[in-house]
Amino acid sequence: MTRSSQSQFLRGLILLVAFAMIAAACGSSTSDTTAAASPGTTAAPSTPDTTAAPGTPDTTMATTAPSGEPIVIGSTLALTGFLAATAAIHKVAGDLFVEQLNANGGLLGRPVEWVVLDDESVPDQAAALYERLITEDEVDAIVGPYGTGTITAAMQVAERYGYVMPQHTGSLTYTYGYDCQFPAWPAGRNPNVTNSELVFDALESTGTPPKTMAFVINQFPGTMYVAYGQPDTDEGGAVSIAADRGYDVVLDIQYPSTTSDWGPIAAAVRDADPDFLFLGALGVDGPNLIAAMDALDYQVPGMFLQWPAPGPMLGVGDSADGAMSVTAFEPHTPFTDDPGYAAIAQAFSDAATAAGLPYTAFETQASASWAAWQILVAGIEGAGSLDQAADCDYLLNNTIDTVFGPIDFDPDQNNYYGDL
Amino acid sequence: MTLYGQAIISGVLAGGLYAMMSLGVSLSWGVLKIINLAYFSFILLAGYGSYELAANQGWDPFVTVLAVVPVFVIVGGLLQLFFEKVKIGEFESLLVTFGLLIMLESVARSIWSADFRRIPSTENPYASSSLRIGEFAFPTPQLSAFLTAIVIGLLMKYLLDRTYFGKAVRALAQDRDMARAFGVDHRRVAVLLSGLAAATAAIAGVFIAMSQALFPSLAVEWFGIVFPVVILGGLGSTLGALGAGVVIGVVAAIASVTWGPSYAPLATFVILIATLLFRPDGLFTRKASV
Amino acid sequence: MSRRTTVRLGSFAAVAVALWFLPTLQGPIGFPIFYLLFGYTLLFWFAQASSWNMFTGYSGYFSFGQGAFFGVGVYTTGVLAAKRGWPLIAAIPVAGILAAALGLSLGFVVFRLRRLQGEIFALVTLAVAFVVAAIARVSSKIDGGSGIALNDVQLPDFLGTFPSMMFRLGLVIAVLTVFAAATIQHSRLGWGLFSINDDEAVAESLGVPTFRHKMMAFGMSAFFAGLSGAVHAIQISYITIEDVFSIRIPLFVIVMSVLGGMRHWMGPIVGATIIHTLTDRLNRASDLELFGGNVTVSLDHLNDIIIGLLLIVMVLAVKDGLWPRLVDRKWAAAGAFVVGILIARIWAPEMSPIGQFVAGELGAVAVLLPSSAVIDRWRSRGGPSETPDEPTSQPTVGATP
Amino acid sequence: MSLLQFDGIHKRFGGVAALGGVSGTLDEGEILGLVGPNGSGKSTLINILSGFAEPNEGRISFAGVDVTDTEAHHRFGAGIARTYQIPRPFSSMTVRHNVAVPLIFGKTKLHPSAATERAMHWLEFAGLASYADQPVSELNLHQLKYLELARALASEPRVLFLDEVLAGLNPTEIEESILMIRRIHDLGISLVIVEHVLRVVNALSTRIVALNQGLVIAEGAPTDVMADPEVVKAYLGSRWKHA
């Protein structure tokens, strides 16, 4: 009897604690609307030596403190879920950009507040949250989320309300028919063609191009698109381009994103013994496969890693020799010739270290994020208003300066430029 | 033929690791009647623990076992103590530990972020080393995991077959009330067994940290390996788990090199379903339980 | 049709018709359009949780197969509507039928084998979800790993703008599903399922056609999960195997139903409402500042922790879920709901209506749970005779006289 | 023609034969006593006849129809009912709802609301009317056994298997139960009673079948069977083993 009443009491106690926690959390969730990222908290100039965020056209504003109602910019990011690793970079980059923007006079002379919601890496969640940002929170502008799926979902919402949506790294270029979406990274309209041609051109320029080639592709939409072309049309694709160019394709396999035992894949590559390995990789696939091949005492003479996510070659050591990848930005020359960008790269690196990211260099992901913010700011400053249609017009009709250099957007190319 | 030989070796060695990952779930389910998904979190957290010690404190990855395992023996024991206290049934245990798994994954994410963590090669010379026999290579982490799994399997077998503790465990597995009536201290046996089971999970975690990158959602991805091994091996069967681990490893490896890696999960689950339909007590149990 | 059935049909129809015109009122009333999509998502979870519960909650057979049925629905839209150009409206019923076919063929094998009862059944259904995902992954006709973009799908424009259309589609499917769940509960099928839940062998020996009843319930459960998945594909807009077959759907329907109560059709609805509103608002909370900003707690990962904690607490302490307690103490709950809203209005006047609703809802939950626990304790100490474990657990079978 | 007839029933569990070819009949209006030591196959036979388990070999016919492959719920609808040695009520339902289930699914096929009303009739018969809306956890063992009877009777069966309805009861309760069994028989229902208390079987049965190790070792009038040396040996032998 005593025992059971004791356990009843215990249960009651657990419940109380649990609900106190939830109540506390909820309280903050609601009061957060006012507390979040007020300019006072984010504008602390941690990098006073940085002159201005390049790409912010009017740098003379630098000395004037922003005033008035804050401009609210909304976005979601995959703060949790399977894309969270890379999204963390975008969070750091965005925070840094907003901080510098506010330190340099804000936007249209007003302070900027960035509201970030967690889309949990899930597209339907992202779509619902953009709907919420635009129609409930009535944000002044939006920035895209991270991840192809969430970007694709968010874009449909942006299109519905005519919002300008700069986005970092959406990889299904052929599906993005919305004129006011502005991809930041130089992937080009047809990465299913240009990506591999870039790689093969580079190989051939060495004078001793490989003869045999192996393709190991992650079954992820973006990597599949680059390797096999657009679904249902088979247009382009690295594998067929390689064959057309006369390479001998000795291995062509796909693996699920959940692969945990890399032994058999490594064995298959070793068995095929290609001169060159084209790895349509994501995340840590590269290092995992390299380690597995290492364990078989095998190294490929050369390899290409498609999308090294953060810290790609982290901890692999010497075995990564001979590996190449595509990048839009690396924190060394020639990318850092502009002193402004060198400072940003350094500031990002500091911020990333402070945020505990294991890979702190300002490379493709961070720079794409930066460029997306630059595009947004350029549109608003250029049009001189928060009117979405005006901003969109300005971006389509003017050359925009970003960390990747000047960009002209062409809706016929789905606004994609470059050739990565 | 070298390809298939190497794939089979890789599958067999991976099987040892699979067995170690599954042993905790299998013993807990078979003997204690608790489907404890928290073991997945134990594997993950032990991996992170080993990572911390090796990457940041400069420990040899093998030595981290000494620090990590005792922690999880205690955690596993305490968890079981809690289950005994609240008198939890089989289904409830599945749901409660599911909740625990979700929470611990979230905790891992807030500590180590969702990013991939890997012991740098400077601190972990084993990741890329291997034993060569002719054309065939036996990677060090996988080989040592496999050998450890065999040693643990045999030790457990001895413990369960030959000692008083084992007798108590078997009595418990067959008939809870009877065991209690014959004076087996049910709670003590359960807590001890849960601690041991957690230890195997922690060892598996250390080997995983040694050979691959860690990230929080790994825990859920292991469902696809561990449950087939547990069912195939037969609930509560130590050597069964070992055998089933190897079968799953080899089948996945052969499917992988024959039709491509994306067929590996399909092959695994076809075997699992066939087993459930035709030999629900596992491939390695001699007689069907009544 | 008995009088009660007529009344139920009438009230469901009335609710459905009233909600149908909600999107029309959006302009005049001027609430944010987001509420329509928020409403859609809520209706989506009603349909998912109710469809899961009409089999698992009533019969006690624990199914992790919801992800597979949902996934079949999503991919039916993906393949038929996006790849082959069918109109969405035509793909939806096919999705339901395909999901039901999967459920029925799985049930036909599994329910025949008595040894696959209990937790083995749960694992078989989990494995089936993995198998369906693995098949979709290797078949380029379905997905093949490339994912499917749904931006060119032919949508039913006569249902209004996109948010209105989603809301109305979600409404139709949720109303059908919940109506089915309520009808089953009070029908012979419901009685059969509840007796299977208690003791399947005895049920069979008292004339319950257990095999047929399990098949019917599992088939319907899969059917509605498929219908709902087919619509939700549009909301996802870009479907991939990893997203669609993730653990999220089974996890959420379990937590929602366990929270609300699995023995009554209202349980999943209560649970879905609480979980969805709560997680939606928690999304915003990034940092919690305590003690005047001296201590900052990151709430980024709190959602999962709350979901996990709720599951544990409910399973251990409140086995019947909230619904029976709500029925028991509706006035106290209503009072706490109002108090919660008032506190929210005073504390944070600019809080959105959804935020206020969450505050009220938390007040109600906080009053319901611990007070019941205290009452349980008091009763178990005070009563001279042995009281059952859960004094509030009035039998709900076929319930309500 | 007899009401229930079974021929050559074999049942094996693993390699062990629980029933090794049992045949017999039950006539309309009979009370057949089924006796035998523990493990002689009595419960297995009842399980098979009521459709709870499948025989490996053998045929069963009921009212002239072969029901060997008929599922248990159909047999219940046709008029074969049983009770359990250890009562197995639907624990989450009220007493009344427990009795409503067979009324919904048995021969009567009533609508749930009609079934809940009709259930009172059988609760009154079993003397449980005052507990109708209580949870079954309020009942004691004796009452639970009556609830089993009420459930079995609700669908108005022609044959009722009573599996040790008296086990665990005190002498007064046993006397009451014997009267109850006679009342059930007076409803025109043929009974098969499996019972350990041989005195009771003797008093109630019109005929007795004795089983040992899965085989029929004696059959006939109660006094004859009880005097049969085989039966005495089977009982004494089993007593000794247990002592």
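Order of writing sets the labels: A, B, C and D. Residues in every chain begin at 1.
The rule we apply is simple: contacts are C-beta pairs under 8 Å (C-beta built on N, C-alpha and C of every residue); 3 or more make two chains touch, one makes a residue touch a chain.
Being a predicted model, the structure only gives us computed values, none of them experimental.
> On the document's contact criterion, could you list the chains that touch subunit A and likewise touch subunit B?
Chains touching both subunit A and subunit B: C.
> When contacts are scored as defined above, which chain pair ends up with more C-beta pairs, A-C or B-C?
Output for the comparison: A-C.
> Could you tell me which chain's Cα centre is nearest to the average position of every protein Cα atom shown?
Closest to the centre of all protein C-alpha atoms: chain C.
> Taking each chain's centre as the mean of its C-alpha atoms, which one ends up farthest from the centre of subunit C?
It is D.
> Which whole number of Å gives the spacing of the CA centres of subunit B and subunit D?
It comes to 48 Å between the two C-alpha centres.
> On a C-alpha centroid basis, what's the spacing between subunit B and subunit C, in Å?
33
> Round to the nearest whole Å and give the separation of the Cα centres of subunit A and subunit D.
Averaging C-alpha atoms per chain gives centres 72 Å apart.
> For subunit A, give me the residues that contact two or more of the other chains.
In subunit A, 80, 82, 219, 254, 256, 258 touch at least two other chains.
> At which residue positions does subunit D touch at least two other chains?
Not one residue of subunit D touches more than one other chain, so the list is empty.
> Could you check subunit B for residues that touch two or more other chains and list them?
Touching at least two other chains: 86, 106, 109, 224, 260, 262, 265.
> Which subunit B residues qualify as touching subunit A in the complex?
Touch list, subunit B to subunit A: 2-3, 6-7, 9-11, 13-14, 85-86, 106, 109, 113-122, 124, 127-130, 132, 137, 139-142, 211-213, 215, 217-218, 221-222, 224-225, 249, 252-253, 256-257, 260-262, 264-265.
> Of all residues in subunit B, which touch subunit C in the complex?
35, 86, 88, 90-92, 94-96, 98-103, 105-107, 109-110, 220, 223-224, 227-228, 231, 260, 262-263, 265-266, 269-270, 272-273, 276-277, 280
> If you look only at subunit C, which of its residues touch subunit B in the complex?
Touching subunit B from subunit C are residues 62, 109, 113, 115-116, 118-120, 122-124, 126-128, 130-131, 133-135, 137-138, 145, 247, 251, 254, 258, 298, 300-305, 307-312, 315-316.
> Give every residue of subunit A touching subunit B within the complex, in rising order.
Residues 7, 80-85, 87-88, 219, 253-256, 258-268, 270-271, 283-284, 287-288, 291-292, 294-298, 309-311, 314-319, 356-359 of subunit A touch subunit B in their complex.
> Residue numbers of subunit C touching subunit D in their complex, please.
Touching subunit D from subunit C are residues 2, 4, 186-188, 191-192, 194-195, 197-199, 201-211, 263, 388, 393-398, 401.
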